[in-house]
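Next come two complexes built around chain A: one with chain B, the other with chain C.
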Partner chain A sequence: METDWLLLFEVSLAGLGTGGLYALTALAFVVIYKATRVVNLAIGEILMLGAYAFFGLAAGWALPWWAAALGALAVAGLFGAVVERTVIRPMLGESPISVFMVTVGLGSVLIGIVEIVWTADPHRLPEFMPNAPVFIGEAFLAPKIAYSFLVAAVVIAVFVLLFRFWRGGVALRATANDQAAAYSMGINVPGVFSLAWVVACMVAAGAGILVGAIGGISSTMGVFGLSVLVVVIVGGLDSVPGALVGGLLIGLVEALAGIYLGGEYKLLATFTLLIAVLMVRPYGLFGTHEIERL
Partner chain B sequence: MRIASAKESYATDEALFDSAVQRAWFAVLLLALALFPFTVNQYWAYLACLAAINVISATGLNILTGYTGLVSLGQAAFMGVGAYTVAVLEARLGTPFLLNLLLGGCMAAAVGMVFGIPSLRVKGLYLAISTIAASFILHFVFANWTSVTKGVSGINVPPARLFGIDLDTPFKLYWVIVPLAVLMLLGAANLFRTRVGRAFIAVRDRDISAEVLGIPLLRTKLTSFALSSFYAGVAGGLWAYFFRVVTPESFPLLMSIFFLAAIIVGGMGTILGGILGAVFMTLVPELLKLGVGVVSPFWPEAAVVLSPVRTVVFGALIVGFLVFEPQGLTEMWRRTRRFFHLWPFKT
Partner chain C sequence: MLRLSRRGLGALALAAGMAAAVPAKAADDIVLGGSIPMTGVFAFAGIGIQAGISDYLKIVNDAGGVKGRKVRFAFEDTAYKVDASVAVFNKIVAQDKPNLYYGDSTAFSKTINPELERSGQMIMAGASFATELNDPKKYPLQFMAGPDYTEMFGILLRYIAKEKPGAKVAFVNSDTEFGRDPIATSEKKAVELGLKVVEKIVTPPGSVDVSTEVLKLRRSAPDYTIFHGYVMAPIPEFIAQAKQMGMTSKFMGTFWSMDNSMVQKMGELADGFMGVMPYRYYYDEDGNAPMLAKIRQMRPEYQSTPYMQGFLTAMLMVEAAKRTLDKGEPLTGKTLKAALNSIKDFDTGGIIGVPISVPGNSIPVGRIYKADVQKKLMVPASDWIKLEQ
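So, the complex of A and B:
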């Protein structure tokens, strides 16, 4: 069989485009993990919440898309603040398993609420992205994926800069590094926890709007969170570069597996990759190797 | 009021039931279980069977997660392995019922051990996620290994036959499922009086310390995976005979979460926790259904929101128990018992 280079290139581009969204969501995950050591399994459902909030505001209240997007981000941020304060904060210091199950429970509650309010039927988000096809060289790329990737890339870039230079970002990194030391330096650690959850939920909601714009929304779109889980495990739970590289890698692998092996192989390919990475580097590609002491 | 129970030897200290009163209550419970199917209709017999199957699987997960400290989100997939093994054996070869169950359990144990291998290098949440991978890989096998599993259409299972009787109603299956559940629960309870079970607990509390004390981690963790999956496999086999059709969609990831939720709600690391949690989580949807029946005359759309409300309640139970009662129903039960032990004094 002759290799169709153009097809391969197009598929890879589409995969990288989706990978950008994975990276964005993985970033939200990593922010929460770095600050609070909580593995947030509800990230997919928060993403869904963002998409539905956007849908409710844009289609239900007929707001212009930018106002609806801001509104959705605000809803998600508020949700993050409330959840952090009422559910996560009391759980800090409990075993990681308990905290992680709490987020599983939260995810279930979110799915139920969304189904009560908007029913379980899939919906389409109102169109808000330019529709002209995008060509890179000869290769065609679906415009929604291309623009989503651009948005994701910009947001990620902004975040990397914020982490590096903004006071809040520095406080977050300090807390992640050593909580006690951060406390004694006068950093408001509980404040950082809240901040991390608010910011991460907003990022996830933003990703949700983009994902929803590409594939429509339904109450099962939280499954996206599973791929993100693979991304962060492969990249390393506490590593921002890991989230970015992992996101692009998983996006690419999924797209290639989907085209060359068949759609049902997508999850199989990513999860096999996950197990392979775990066997070789249990802490992910870029994660911190924690040394255990008795 | 009970003052104390004096123990005169180590054997009595380790005994499952530490007083005559407890033994008497246990006998009453067994009697109640034996009389139960005669006093209720088919629907409650059906629920009892379902609860018993869930109790077996949840107890298996409790051995792994509650006692050995290895979180698994693959329990439903291992149940699937047991169910498919039983279905294939029954439909193709027609081997005897109890042998099928045993083989289903052993098959699940073998598969569980394979997916337990990552537990040697990764633990905690990384392990939980690698078991999610197990669950997806097994689902893929169920759906695509069509020559054995018949793909998405699934396998129809003929009714179980025991002593020439077709066990085709919940009432008849009750007499197999519930005794088996009691037997496996006693087995699990006794396990933690032995060296193997104690080693599990040591690994849970601190695996490195356990290794220093001379417990082989590799063997202990894999044994735990094997035992837990064996329970899942037997439960899955019973599930196959109970629902009589096995498809790849029968064992979703959500079901694994259900079992994890059951042992959290019941209380991790106690046998009683697995029982209470599984029964409670099986009955909650039924209670909701009952509730819908009550409110539907006033609010006709109640039935429409039943399924999402069930999802919400499921999540809220997990969150609520973890935040307010992390020891689960078992702790509530103990508190109640303590109250009556000390009555009329204050606890």
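So, the complex of A and C:
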């Protein structure tokens, strides 16, 4: 068979586009893990919450899309703050598996809330992205994927800068490195925990709006978090660059597997990659060499 | 296995405990039991099905029941999970001794079949139109109130062959039992009808982004693309991207993606979306359909296509019970199924536009409907199509 280079290029672009969304959600996961050592399995459901909050504000209250998006981010941020303060912080010092289970429960609660408020019917988000196809050279790129990728890239870039230069970001990194030392240097560690949850939930909600714009929303869209779990394990649980590279890599592998092997092999390819990475680097591609056995 | 049986035991124990608390019911009630997905991924369907069954039974009971016996609907939520469906089944069987049963999924229908045959007390239908279940030898006590998935494809393909002989067709299905069901059999059928199946695309369950799949679809340039195994997502995004790329394919769906409220949620994208539907839509005022008028009278607001499915299933079940009792036979799985199979040229009151017969496990009748975006309605695009059995 002759290689169709244009197809390969288009598929790669599409894969990287989806990968951007993976990376963005993975970032939310990593921020929480890095700061608080909590493996937050509810990240997919928080993403769903963000998408539904956007839906409620944009479709229900008929706000313009940008106001709805800001509102959804605010709702998610508030949710993060409340959850951290009332559910996660009392668990401090408990075994990691307990906290892990709490987040699993949190996910179920969120699904329940969404089904009560919005029913389990699938919905479409109002269209807010430009509709004209994007061409890179001759290659077609679906506009929603292209714009989502751009948004994800900008958000991630802002984060990298914040981590590097902003006081809060530096405090977060310091806390991640050594909590006791951070305390003794006068860093408000509980404050950092709160900040991490607020920020991560907002990022997840943002990702939710983008994911929902592409695939529609339903109470089961939290399964997106499962792919993201693979991304963070491949990239390294506590590594921001890992989330980026992992996200793009998984997006690309899924797309290529989908087109050359068939859709039924997408997950197989992803999980094969996961196993391969874990065998070579059990802490992920960029993760800290510290293994927590659960 | 252990887990299942333990749950079963738990359900039995619970049922025994509750038996004392349940208010006395007439001993000769005919019971229609149900494992119904009122929550979870299939809640959209379950809620409609529950309403449809309840309404039909209300009509029957208001008219005096079946030979003076009331028909009672005993159901519980399953969240569309097989183990929950089995637990509900065990509980309702122990508590209410149903002669008719509505199951919520292909997996449940297959899982419970040996138990159904062992007890021999009831016939079962449900939300599944799986091709596999349409086999009276393997599933002697089950049926479906419409065409099976392969027959749905058959109806679509026959329409395509007539509209555009030799057309290029692509199949897009979800990687689930539901999604895979008719693909292999329908490919053969397409060839028989002189159509070319140029692409078969499988999407993983819950996949969000379908842009790679659309790229693949564009290369094969089909005239018609048939989706199967979805309620809504990812069909809208698929169509959106395909149109952006300038594809001219027509898009089609099968029963579960054909509800009017779902299709119209696609907005402009729904324009021209077609599919196979065995029942008339709620708002359809053409033709002679007294039953639809009755439904509109009972419920002034739009009712979904799963509602119609539940309604018709209850109608066929009650008809089978009536015919059995008319013959003076006891209500068992065998007598009920025989009575069901005696249904010939039966008038559904317009729910299906032509008289129907149930010689086996399915009713291979349907019609092509097309979305009219201006009217926000699905409108007929063909006459009723009956496949030979």
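Operating definition for what follows: the second predicted complex is superposed on the first by the 290 of 294 C-alpha atoms of A that agree within 3 Å, B and C clash if a C-alpha of one lies under 4 Å from a C-alpha of the other, contacts with A are read in each partner's own complex, and residues count from 1 in each chain.
Note that in this section a residue touches a chain if its C-beta (ideal position, glycine included) is under 8 Å from a C-beta of that chain, and two chains touch if they have at least 3 such contacts.
Keep in mind that what you see is a predicted model, and the values were worked out from it rather than measured.
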Partner chain(s) touched by A:V160 [first = chain B, second = chain C, both, neither]: neither
First, second, both or neither for A:V87, with chain B first and chain C second: first
Touched partner set for A:E115, first chain B, second chain C, both or neither: both
Partner chain in contact with A:L78 - chain B first, chain C second, else both or neither: neither
First (chain B), second (chain C), both or neither touched by A:E264: both
First (chain B), second (chain C), both or neither touched by A:G215: second
Which of chain B and chain C A:D4 touches, first, second, both or neither: second
Residues on chain A lying within both footprints (that of chain B and that of chain C): 115, 120, 264, 267
Contacting residues of chain C [partner chain A, same complex]: 39-44, 175, 201-204, 206-216, 218-219, 231-234, 236-237, 240-241, 244-245, 262, 265-267
Of chain A, residues touching chain C in the complex: 4, 7, 10-11, 14-15, 17-18, 21, 115, 119-124, 127, 131-133, 140-145, 211, 214-216, 218-221, 223-224, 254-255, 258-259, 262-264, 266-267
Chain A to chain B touching residues, read off their complex: 39, 87, 90-91, 94, 96-98, 100-102, 104-116, 120, 226, 229-230, 233, 237, 264-265, 267-268, 271-272, 274-275, 278-279, 282-283, 292, 294
For the chain B and chain A complex, residues of the former touching the latter: 65, 71, 118, 121-122, 124-126, 128-130, 132-133, 136-137, 140, 143-144, 206, 208-209, 212, 257, 260-261, 264, 305, 307-319, 322-323, 326
